[in-house]
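What follows is chain A paired twice: with chain B in the first complex and chain C in the second.
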Partner chain A sequence: MILYPAMLQNYLVVGAILFVLGMIGFLARRNLIIMFLSAEMMLQGVAVNLVAFAYYHGNMQGQAFTLFILTVAACEAGIALALILILFRSKRSLDVSLWQELREPGQEPTRDEEPLVPPPPALPLPRLTPAGIEPRPKEREESHV
Partner chain B sequence: MSEIGTILWIIPILPLAAAVLIVFLGPRLLRGFSHVPCVLALAVSCVLSVYVLIHVARQPDELIHPTYYTWFAAGNIHIPVAFRADPLTAFMLAMVTFVGTFIAIFAAGYMHGDDGYPRFFAEVSLFVFSMTGLVLADNYMVLFAFWEGVGLCSYLLIGFWYEKPSAAHAARKAFLVTRIGDLGFILGIILLWITFGHNLDYEYVFTNAANVNRGALIAICFLLFSGAIGKSAQFPLHVWLPDAMEGPTPVSALIHAATMVTAGVYLVARSMPLYVLAPQVLLFVACIGTFTALLAAFIALTQTDLKRVLAYSTVSQLGYMFLGLGAAVYAQHSRLAVEAGMFHLFTHAFFKALLFLSAGSVMHAMGNVIDMRRFSGLRRVLPYTHIAFLCGAVALAAVPLTSGFWSKDAILTAAYNAAKEGHHYGAVFVLLFICAVITAGLTAFYTFRAYFMTFWGEERIPHEAGHHAHESPLIMVVPLMVLSVGALFAGYIDAEPFGLTWLGTFLEHVKHLPAMPTESVTATLLDRVWLLVVPLAMSLGGIAVAWLMYVRQPAWPGVVAARARALYELSWNKVHFDEIYNAFFVLPLWLFAQFCRIFDLGVVDSIVDVLGHVPRLIGGLFRPIQNGLVQFYALAMVLGLTVFLIALVNALAK
Partner chain C sequence: MKEDNGFFHPSFLIPHPWCLRGQGFMMLGALSPWADHVWRVALPAALGLVAVYLLLPRPRPMLRVAGIALAFLAVVAAGFVLLHTSGRPVYDTLFYFFAFVAVVSGGMLVTHRDPVHAALSFALVVLSTCGLFLIMAAPFLMAATIIVYAGAIIVTFLFVIMLAQQQGLSDADSRSREPFLTTVACFVLLPTLLYIILQTYDTGQPLQQVVARATRAQDEKFNTVPAVVEASGGAGLLEDYRKALLALRWTPNAEEYQNQVNGPVNNLKAQWAAGEKAGNVKTLKNILADVQANGTKVLEGYAKLTPPPGSQVSQLSVPSKELHLLYPGETVAPLGRSLFTDYLIAVELAGTLLLVATIGTIAIAGRRTEGLR
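For the complex of A and B:
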């Protein structure tokens, strides 16, 4: 099958949309995991482009490249998630704006002009209504010693 | 390399090895035994030096100058590290190591219990290394290197008790004042270098001295002598030596009396083949020497610090040696002059070292009090020191049959011959001879004044000494005894009336000097009588006056001082040299330094500070960009990339 220039454009547009969406997500969101997912999305936009061009040129180079990208992205995901986990452990938060220590010395940290909306209170976990007869608590066992 | 060549390099290396050993092992391991490597190294060096002396005396015309090492070479410039053994060197070397050994032994007792005990012996060893190197050097460059080495050791040892501000100040003064002379010295060496076609070897320089421009030669001699003026503390650079007495007494004995200060005399004697071609400079040498001798003797008359009296007498005796050397204005007499100068240098080393060590022994017993007004009548408390000091004093006062008598006689003979020659410098030498004779009288007077003030009269002991003022331990007394023998009898290497002319025949073999005239210069009996009687009368007269004034009639000194108030004040204030130098040299320089300091801090520093602020201010503009927010950086990257891409697309579209 041969792709015509008009059809190629469709693929490229999809790739571009994916890339730009990912970019906007990366720049606008503060949650580390969302940012990471956005970065993955940009990667997929590029992958779509590569596949489309491979089809257009009728060779396998682009596809081979895409496979590499997928592999590398998988590895990278592992490392990135590990890092995010560590970051979360030290600050108990995923907010990326809490990590500003690399600024120039003497520079004031950037603060939100209006504070973040506090997270909604955690919904109570659904509980099953106990059914049947509740077993009597065990009496303390006597010591056999 | 020949056997003698090996021995020549071992002589200086041994003290250096001792110095290194003491530096590394002294503070931890050797501690109170730090003197052992120093004394051993010096003793072995002394034995080897005597061997060299005997070797040279047996084959005096053999030219020994082994080359060991190329110090630096560039193009046709080639400076080797080479040593030389000739009569002058061997003689000086034996004296330095011999006196050095006994002073080191004395110091082991004297410095006992001092905190810097290992440091002291390391520095003394280093000094002996430098001094032997200076004496052995075969070219002016090596000579200069060791010359600076002894200067450094002198600085270190004067400032040995560096916690005392006066000692630190004296060390600085000695270093700076000798530096003035050394400036002239190095200029002289550079001129020598240019004049003699980039070769500074003694042999080459002396062989070709007659073929070079006479004006340049005069300038060279003059500049070399300025180095000697600084090192040998001659007028006008004599002010450092009396202050150098702040150092420990063995240092005063070794460096500032017996060896280092004679380096200037040695330099002039060594360069005599150049000086004989520049008689004007020799006349200058003689005049400076005589003037210094008279001046220092005059100052010594009223000083009450025992060591200071000895220091001024050292300056005075060094002046004497220069007078002896200066008598070589008549080229035919140059050997006689070198002989006289070196002979006095030799005997002076013995009796002055002895006097200083005796003074050190007095100081040791008196709890570091050295002011003669505070003690007297010590001859029963310190019997051995008393004898030793007396031996040194009679030698310094040139009492007949002691070593000082023979050597002073040699110098006066040399000066007398120069005066008698009837040349156009003859009249000057008549004056110099008279001054020298007067100085001899003054010397006898102040030496015995110090002796009588210290050892005669009623017994008074300062309270610093405690109740147990006692004779020094054996380790200090034995060197005193040995040096006493030297002070009395060292002069018999050249006592002409007894037919002993060993030194004369030995120094006959110094090369490159004009031959002596065949007939004896002091032929007439009248001259001989003159030369024996006049100094004899002066020396005995001086002693008699000292005895009269300080033993018989103790009231007289006060009367004399009151009568000749102005003269007394002048002598007591050391002719105001320190004040004059302070007002005319130190103060203007200090003011200039202050001005420079203010200029540097106020103007130069401000400009640099302003320049330093410019990048800071520019940096301040861009600083807010570095805010540490990851997303801000990502945004900047995206924007940058966008701009780049737009530009790229535009460029490709054209």
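For the complex of A and C:
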């Protein structure tokens, strides 16, 4: 059986796409949790690359490297979530743009010009019209009331 | 070579740029041997990034349907143009499935405005990446990734439910930061990455096609000289063979390699012309058998991607057999040996890092935050 190098290229392409999607998410999204997930996805893309190289080189070094990536990702997850927690505690929001005061001096803050479109009001819950007649309580029950 | 992988390739349906190049179809392909990669790379990347630009959350969504359609087109185009099949249907099906799920749910993670959906699609990304790991004989990594990320995803879910669900509509979820500039930056990065990948690793494909053609033309039913010439492509086959060998670019010493290739191929060409003139079918078939045997040998050596001679690679990280010949379960022991010999210090450091990160997390999360406001 021949191991085609063309198949190695397939894994590298998938890894590159995952990496770039994660980069888009990290740069463009404003929710701290989604930024964190995007960073994790970039690490997944790199892990795919390393495992593919390990497979096609026929040695274990790529897999060992991926294991260290996993370790660092676990540490990063813990610390990132702790940071998200204290950032949320102090601003009551996950929006990263609320921390613009950390920018360089002399930079203009970015302002959101376009107003948010409020969601359409929720439809009222359906209410059944009462039908029929209310049964009269029995005498024994009335005596209890 | 037993498998004829031209059949399983999607180019069976749509002409692959490699097939068209020889016919002068691609104008740019004539300028540089690598210029046709530009189109293979730019088309899916452009489609995909325009789709992501349209789908990123905004206060007023832009052309959502067009964005979804473009994203679908981009994924299909990438599958057709960038990926190859190995000729093993089960393997290829699994690969295509996992790759598709990974890329699509990655796109959903980036573009969906609801963080709950983002966390769910991240779970899908991790699961399908683990599927890819399993295909590539890394079962331990698959299990470790699932265990680590299952914990991470559950905690993220808790955070999403705890923090993000309190207010309905928020700036954080329905606005993007600089979507246009981000997409432009990624449009610089993604095609560059893909181009380099194709330029470096896509070089085996033309040689595989030459070998397949040579194998096909040796069939018993071609028993006259014109039939053999028509089936194989005649002298054109040898020219393609020469180009394919040169395109492999194994050696940094380019001139010497060119001479090594050109001498024997010119010899074969002379023999072919003589055989064709004399009407000797046997000579032609011998030449084809030579092309097939030598090409297969080159492909086998090429596919192993062995490190160059003289480089120092630790033998403790190399399993006793080739990885793809082992059962997946058998690769766990070599990984353990590699970790506890070559990477022993790194493993200890990783453990220390985890401990320090745990302490740091507790220190950060337990702190009162009044001073931060």
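Heads up, the rule we're going with is that the second predicted complex is superposed on the first by the 106 of 145 C-alpha atoms of A that agree within 3 Å, B and C clash if a C-alpha of one lies under 4 Å from a C-alpha of the other, contacts with A are read in each partner's own complex, and residues count from 1 in each chain.
As a convention for this text, contacts are C-beta pairs under 8 Å (C-beta built on N, C-alpha and C of every residue); 3 or more make two chains touch, one makes a residue touch a chain.
Quick caveat, the model's predicted, so the values are computed rather than measured.
Once chain A of one complex is fitted onto chain A of the other, the partner contacts of A:Pro130 are absent, as it touches neither chain B nor chain C.
Contacts of A:Cys75 after superposition: chain C is touched, whereas chain B is not reached. Legend: residue contacts after superposition of the two complexes on their common chain; A:Pro121 is shown touching neither chain B nor chain C.
Touch criterion met: A:Glu104 reaches chain B, while chain C stays clear of it. Shared-chain residue A:Val96: touches chain B and chain C both.
Contacts of A:Met23 after superposition on the shared chain: both chain B and chain C are touched.
Taking chain A as the reference chain, the count of touched residues is higher for C when chain B and chain C are set side by side.
Across the superposed pair, chain B and chain C both touch chain A at residues 23, 27, 30, 96-97, 110. Looking at the complex, you find that chain A touches chain B at residues 23, 26-27, 30, 35, 96-97, 99-104, 106-107, 109-110. Across the complex, chain C meets chain A through its residues 1, 5, 48, 52, 56-60, 78, 82-84, 86, 95, 99, 102-103, 106-107, 109-110, 115, 118-119, 122, 125-126, 129, 132-133, 136-138, 140-141, 144-145, 148-149, 152, 155-156, 159-160, 163-164, 167-179, 182-183, 185-186, 189-190, 193-194, 197-198, 201-205, 208, 296, 299-300, 302-307, 313, 317-319, 322-324, 331, 334-335, 337-339, 342-343, 346, 350, 353-354, 356-358, 360-362, 364-365, 367, 369, 372-373. Chain A makes touch with chain C in their complex at residues 1-14, 16-25, 27-34, 36-38, 40-41, 44, 47-48, 51-52, 54-61, 63-64, 66-68, 70-79, 81-86, 88-90, 93-97, 110, 112, 114-119.
The part of chain B that touches chain A in the complex is made up of residues 623-624, 626-632, 634-635, 638.
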